[in-house]
Amino acid sequence: MQVNEFKPKIVAFCCNWCSYAGADLAGNNRLNYPDNVKIIRVPCSCRVNPMFILRAFQRGADGVILCGCHPGDCHYTSGNYYTRRRMALLFSMLEYLGIEKERTRVEWVSAAEGAKFSATMNEFCEQVAALGENKRLEDLRCKQ
Amino acid sequence: MQRIGVFVCWCGSNIAATVDVKAVAEALKSEPGVVFSTDYQYMCSQAGQDLIKEAIKEHKLTGLVICSCSPRMHENTFRKVAADSGINPYMVEIANIREQCSWVHKDKAIGTEKAIILARAAVAKVHLNTPLTPGESEVTKRALVIGGGIAGIQTALDIADAGYKVDIVETKPTIGGKMAQLDKTFPTLDCAACILTPKMVEVAQNENVRIFSYSEVTEVGGFVGNFTVKIKKKARYVKEDVCTGCGLCTEKCPMKKVPNDFNLGMNNKGAIYIPFAQAVPKVATIDPNYCNMLKNGKCGLCAKVCTAGAIDYTQKDEIIEEKYGAIVAATGYNPISLDKFDEFAYNQSKDVITSLEFERLTNAAGPTNGVLLRPSDLKHPKTIVFVQCVGSRCSADASKGKEYCSKICCMYTAKHAMLTRDKYPDTDVYVFYIDVRTPGKNFDEFYRRAVEEYGVHYIKGMVGKVIPEGDKLIVQGSDLLDNKQLKIEADLVVLAAAIEPDKSARNLATMLTASMDTNDFFTEAHPKLRPVESPTAGIFLSGTCQGPKDIPETVSQAGAAASKVIGLLAKDKLKGNPCVAHSDELMCNGCSSCERVCPYKAITYVDKEFRMPDRTTKVRRVAFVNEAVCQGCGACTVACPSGAMDLKGFKSKQIMAEVDAICK
Amino acid sequence: MKVSYFPGCTLKNKAKDLDKYARLCALKLGVELEEIENWQCCGGAFSMGEDEIASKLSSVRALQYAKEKDQYLVSVCSACHNVLKQTNYQMQNNSDFAFKANNYLAFDNPYNGETKVIHYLELLRDVIGFDKIKENTVNPLKDKKIAAYYGCLLLRPSKVLAMDDAENPSIMEDFIKAIGATPVVYPYRNECCGGYATLEDKNLVNKKSGLVKNSAKNNGADLIITACPLCKYNLEKNNNTDIPVVYITELLAEALGLKEE
Amino acid sequence: MDKLKEQILRTSGVNTLKCMRCGKCSGTCPSYDEMEYHPHQFVYMVEKGEIEPLMKSKSLYKCLSCFACVERCPRNVEPAKIVEAVRLMVIRQQGENHLTANDIPDLLDEDMPQQAIVSAFRKYSK
């Protein structure tokens, strides 16, 4: 492994019912994905406030991914539809602010899709790594 | 400031092999607020649990971070440990360093580094945790079953047998539903009335059951365990408790031209009627649209002949309000309207009928007393063609019909064909089919009997057009296996119309906040694992209102719904999920955004008096979350523009603290 | 009121009565049929190929003409009507086709399906109203039992034509009632007469037309009415059954007292 | 995918996979008895890529474009469009017109409406 290889910081919000369980399944099946992905558990993808994503970028995250139940499968019947609409707006605004849209993503991962979870994370990390560090929104005052 | 203890589990070698657990415990010691940090081989074992309990006592811990397997495995275990030691169980956070760390990363240095970060995020969250207590609510020990067909009857009987009170609300003057209209039932061919009517009597006589016939639900409020329901008892102009069901009035009523809906309009009844001989309750009902007395005050014959004095022309609709702990939807189905399928000439010939009409034509209590005579000229039909899949399995963009398979048609068509050949061996019977679907116990054997023993002609293909010509019906269809277009001269054509949920279901779903699919079938909480519960707590599903099914399936689902209801009613109190939404009244601006996105209607608005700094008071409209109804998805927290709405256990501050810790 | 009128090739030649009486009757009922300038033949049959562009341009031209005048586009011939409505539908729903058609035609303002295309019968039912026909009927055809022949092109595909229930229509029967006659409903009224196959397969056409005529006759009709010259031709060429076939406009003219003897 | 099949699917705009093989199109077709290949076979054979036999078949010229199959198909497959697409594929080839101007005079009689001739031309030749 190269010593200076850039490892992007990735925050992954996972809904408790599908995607978090999908991530657990990836673990059960020992499906590797980069260690720079850190998961935050939320009850539903619709709990993710755009503020959280902005906060992540402010604090130096290089990419943020949201995982929820597949459309129609939401534990709370319609939460992921809210997510889809809200994030479409947020991501286009972020793009306007100069955060490449490749740094953000919404993905539907069911509790059975461990393989999809790991594949998605591998691919997303690669994609973000290719863009390099997020400098646009990072607040240097927060850096220690 | 919290006093936090960190407990790093090895999980044998599951974690310890790729994460340096000692290093993690050590690193966490320097985190602010952490007063104790250790590692152990199996934290979930009894010894591990004792270790945690000891530490809580010794170090006066107020919050715990367990670095172990997924919270989906052992969160409850560790919450219980906390509770046993006098800490609120919601002061525990799990850092998932097994599934999300040791199992997916091979390099020990990397694994250790990530485990430390995950643990730090958990510590950051615990700092902001507050003790949470699940709300408790009482359970009203009475269930409501909406719909009095076989599904509703079975559910009610099973609930009543367990000793709970149950009410059935049925819109028709009698319970019994579709099954009461059927002749025989597949695959055993017992007569529907013989097996259904004893159940109707049983349910009527059960002291735990009340039947509100000729009634409908008009309003539903409350939540699981505590529903308040308004039921409209429509005026039947007959005193239910006085009428003896002798039927004299129905014979004497001079108005004879009322289409008999029980026989699907194939004959007439009086303006005062009892739907059928075994009706429950067996009391007469007056149809106000036809009764001369009610329309223009001229007649009154039924009141004169009624020796019991049961007729009451002044009766009014009555609203009953009742409390329930659980509600079961059992609203059933209807055949679809065939107006859009007139290539089969249903609207153009009386001798083109639906399968349900065929049931009535062969039923001994039907318009022809069970003799198979065709409606136009009451002659015995010599050639009968059955057409399957009429309006089922249509493509969504075909602008007519339903996309789903109606499931019961293959079997009842085989039944009709077989019974016809059995009773009238001189009749030729043809069945046009696309596929014959018979997945059920003894179902395929039944269908094969129709073919092999009864000589029913099954033709693979579909009918393109039915041409009424003279007193015949020319059925033009394709025989795909013979590669021919057939023209069969038939006397009677029977269409297996698709079934659809009863029209009342949509309105009811809105009242119950129970979700429906695009076809207006109620959706289940989980298609495999929670098939009889709606996603809304306290609402259960029974029978065809959830999807097409036959009688055996309906009865088993009815029993399953009943057992779920019994499980709920057996509890004295319901413990809620404490991780629910909460609105800060001082910040709420009353905009209703949260109310609109809530899938459970858990949020209402109330006018509340506030003291202002200048000692005046002001009434403001603020959001109020019903904690018993809220399921804790958090949709409202994001919709709230003022930041008043937050989710307990997943507060914005907590999640942002995790974000900060991860990005550090 | 004025409407744009697309007569079509046959109404200028073999079916002059269909055309003449359509104009006379409409005028009597307060609608002037304004013939589109320099209209071109619709092609007689709609080409179902999605990549068929050129063969539909004459229809688009007529549609654009009506749009510029802000008028309904009315035709009497069932075939013209079918082609115009289907082309209009394609202009509305197939953006690729609409783009190419507009490129060919290079209008000042591109055409995107704005015009409302209606058949003469729809004009009578929805714009004029059958009640008004009833009021203006001077020779009610009281003793006539009339079989309406829809054929295929008036009703199908119903998603596009959207005039009436394709399997159990009533517009022509209601029209027959409005002029005082008795409609005869018979099962073959919406089955094909054989259409253009008449050119090379007389046998097929004879069979199909025979079914229609027999069915009308057996159900007690003494007259068949149609809006389509080709249907009329095919039905009349079948000698097996003796039942006259006339155009709807001829019959209307008779009822309104406009028929020249 | 087979080029011929691809072209037919594109010209017709039909998704043959929607067909559930019920045969209602063939049950309703007025020209059924004149056809060697019937409407449901057109859909099925195009789906399987067996297009050449269809192109050679006289059945192409027996379809009356009456839209009965289109109207009554429960899956909205629109079989007539498939027949038309195969027919177009044939007559768009040089010298493959089914009807030429020279054929016309012999086929006419004095009552025949122009409509018959133009329609037949639209369907049978390019």
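Lettered A, B, C and D in written order, each chain numbered from 1.
One rule holds for everything that comes next: contacts are C-beta pairs under 8 Å (C-beta built on N, C-alpha and C of every residue); 3 or more make two chains touch, one makes a residue touch a chain.
Since the model is a prediction, treat every value here as computed from it, not as a measurement.
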* Given the two chain pairs A-B and B-C, which is bridged by the higher number of C-beta pairs in contact? -> A-B
* Structure fact -> Distance between the CA centroids of chain A and chain B (whole Å) is 35
* **Centre-of-Cα separation between chain D and chain A, whole angstrom** => 53
* **Chain centre separation (chain C, chain D; CA means) in Å** => 24
* To do: Could you list the positions in chain C whose residues touch two or more of the other chains?
  => 167, 191
* chain D residues counted as touching two or more neighbouring chains -> 68, 71
* Asked: Using the touch rule from the top of the page, what pairs of chains touch, sorted by label?
  -> A-B, B-C, B-D, C-D
* Structure fact -> Given the complex, residues on chain B that touch chain A span 70-72, 96, 98-101, 103-107, 110-111, 113-114, 117-118, 121, 515, 535, 579, 597, 599, 631-635, 637-639, 647, 650, 652, 655-656, 658-660, 662-664
* Quick one: which bits of chain B touch chain D in the complex? Just the residue numbers, please. => 343, 389, 393-395, 397-399, 401, 434, 460-465, 476-478, 480, 483, 485
* Would you mind writing out the residues of chain A in touch with chain B in their complex? => 9, 11, 20-21, 23-24, 26-28, 30-33, 35, 38-44, 46-52, 55-56, 59-61, 75-79, 82, 86, 118, 144
* Structure fact -> Seen from chain D, its contact residues with chain C in the complex are 10-13, 30-31, 34, 61-62, 64-68, 70-71, 78, 80-81, 84-85, 88, 99, 107, 111-123
* Structure fact -> chain B partner, complex, touching residues on chain C are 159, 165, 167-168, 185, 187-188, 191, 215, 218
